[in-house]
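The block underneath contains the structure these notes are about, expressed in structure tokens.
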Amino acid sequence: MTRARDILSAEPLQVHEIEVRVRYPECDPMGVAHHAVFPIWFEIGRTEMLRASGGNYRDLEAAGVFLAVVRLEVRYHSPARYDDVLRLVTELRSWGPVKVEHAYRLYRGDELLAEAGTTLACLDRDGRAGPLPTEMVPGMSRARAVDA
Amino acid sequence: MTRARDILSAEPLQVHEIEVRVRYPECDPMGVAHHAVFPIWFEIGRTEMLRASGGNYRDLEAAGVFLAVVRLEVRYHSPARYDDVLRLVTELRSWGPVKVEHAYRLYRGDELLAEAGTTLACLDRDGRAGPLPTEMVPGMSRARAVDA
Amino acid sequence: MTRARDILSAEPLQVHEIEVRVRYPECDPMGVAHHAVFPIWFEIGRTEMLRASGGNYRDLEAAGVFLAVVRLEVRYHSPARYDDVLRLVTELRSWGPVKVEHAYRLYRGDELLAEAGTTLACLDRDGRAGPLPTEMVPGMSRARAVDA
Amino acid sequence: MTRARDILSAEPLQVHEIEVRVRYPECDPMGVAHHAVFPIWFEIGRTEMLRASGGNYRDLEAAGVFLAVVRLEVRYHSPARYDDVLRLVTELRSWGPVKVEHAYRLYRGDELLAEAGTTLACLDRDGRAGPLPTEMVPGMSRARAVDA
């Protein structure tokens, strides 16, 4: 059976890194990426981490499994500018029967621009919380295996 | 039976006006509303025209009727700036069994900022073109009645 | 002189309420407002609170004063659906020489959909932290006066 | 001296192709990419075409040259779905002293999803139309050279 993991553990269960280029309409009159764009990048980060593990979020939804964000926390340290190529490090921090925790660090080169965390809840088509079908989330299954 | 109308007719079938305030993240590093935001405002314009007629787009979708944009044309004359309160005039120009044409003029005060046109196709849940249920679109029904 | 306020104080310095209607493109394939849209609404909430106090964020930027979000925290309790008219309560929780704290509660009717908090830093044109020109932020000035 | 080119010419001056993956929040309750997202992809297409030619739009803006969209036309043939990897073909169709025309075709595999055209006007910092500094737009310079 799956069980909750300690989000404060030093070792993430899984780490994945992507690059994302800042789009023009993502930037605001300050000339920098608007703060509401960062959660979109974080979502891409966890989606690509799932894909790299052999899973696919589109298939999850087709199977009636929805991962809804129930918590979002971001610390913005330095602005991201138009056309910057950013490096996003996504970590799977913990997962349990119905919730998944990720952490994110966004860099331009070696400069840390932002840190963030999210909690996802696993929902069915009718919005009811339910168990995560771990067989569809290979990275998590392997993380569990290692941890068991 | 419904029939196609002449989009070039001088008289629109229905006219509706709304105000929309330019949001901060809708503006780009030029300090003006990004051109991809205008279609979002046009969509609000036709949605509110439908509501003012006694219809409701959410109810249409709940009934399995989807209006998909198949044509979009915009001429941008002058920029819209952050926090501007704009005046959007939406016109129903023509409607037929499966297609609806709207025209739009966007103003700041008396200054014309943009002109646009859209064609919507009526689709069912599976994306197949189908007849518009005119009983759910009161403004169009009345327009037809006047025109008949 | 301005001084930092206790963010945990039960009494907010200022409270303002607006309505916001959920736009179609703000909703995702789950049929509900995407989580990255909520911060855009919160920004509108604090902008309108400033306007209601006699200030104007556009004027602040024109004067070289930029308020950048450095912290964002959101708890999502229940989804917001397309075309819902939401009620957003924005509170000014604390303000000091260079930082401002707001809290937000988003409702549909009496149902609490989300709670959030932000910290803004006051920056000059070159992105350097600087003092908030309180004479341009009437609500804050009055809040201080009451508090002094 | 630069001169206007015939937009109807069969041969584009320059062609560039990119891939773009459909993001989750770009999709609406119909489960497909919202029509207002397509112009954002087209902008990325022409930006990347410029980059592939050795130019850079960020540098253009830093030099006080802004390319504003004054015309947008899109025909939507078939929906793009979440997580689809699309293929965008961008063509430079014509360019003259102050205006640039592009055409776009968006595919999923071999299926044509949309066709579009834009006209850009070259503006200075104050929004006045001005000549395009062709030395900063290598692809256009080469296109002209070939064409002369």
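For clarity, chains are labelled A, B, C and D in written order, and residue numbers in each chain start from 1.
Keep in mind that, in the parts below, a contact is a pair of C-beta atoms (placed from the backbone, for glycine too) under 8 Å apart; a residue touches a chain by one contact, two chains touch by 3 or more.
In this text the structure is predicted, and so the values were computed from the model without any measurement.
Colleague: Can you check whether chain C and chain D touch via the same residue numbers (shared by over half) or via different ones?
Modeller: The interface is built from the same residue numbers on each side, given that over half of them are used by both copies.
Colleague: Greatest Cα-centroid separation from chain B: which chain?
Modeller: A
Colleague: At what distance in angstrom does the C-alpha mean of chain D lie from that of chain A?
Modeller: 31
Colleague: With centres defined as the mean C-alpha position, give me the chain C-chain D separation in Å.
Modeller: From the centre of chain C to the centre of chain D is 36 Å.
Colleague: Can you compute the centre-to-centre distance for chain B and chain D, using the mean CA position of each chain? Integer Å is fine.
Modeller: Centre separation, chain B to chain D: 25 Å.
Colleague: Give me the residues of chain A that touch two or more other chains.
Modeller: Residues 24-25, 29, 36-37, 40, 43, 61, 82 of chain A touch two or more partner chains.
Colleague: Residues of chain A touching chain D in their complex?
Modeller: It is residues 23-25, 40, 43-44, 47, 56-58, 61, 82-83 of chain A that touch chain D.
Colleague: Using the touch rule from the top, collect the residues of chain D that touch chain B in their complex.
Modeller: Listed in rising order, the residues of chain D that touch chain B are 29-30, 35-37, 39-40, 43, 61, 66, 68-77, 79, 127.
Colleague: Which chain D residues qualify as touching chain C in the complex?
Modeller: 24-25, 27-29, 31, 34, 36-37, 82
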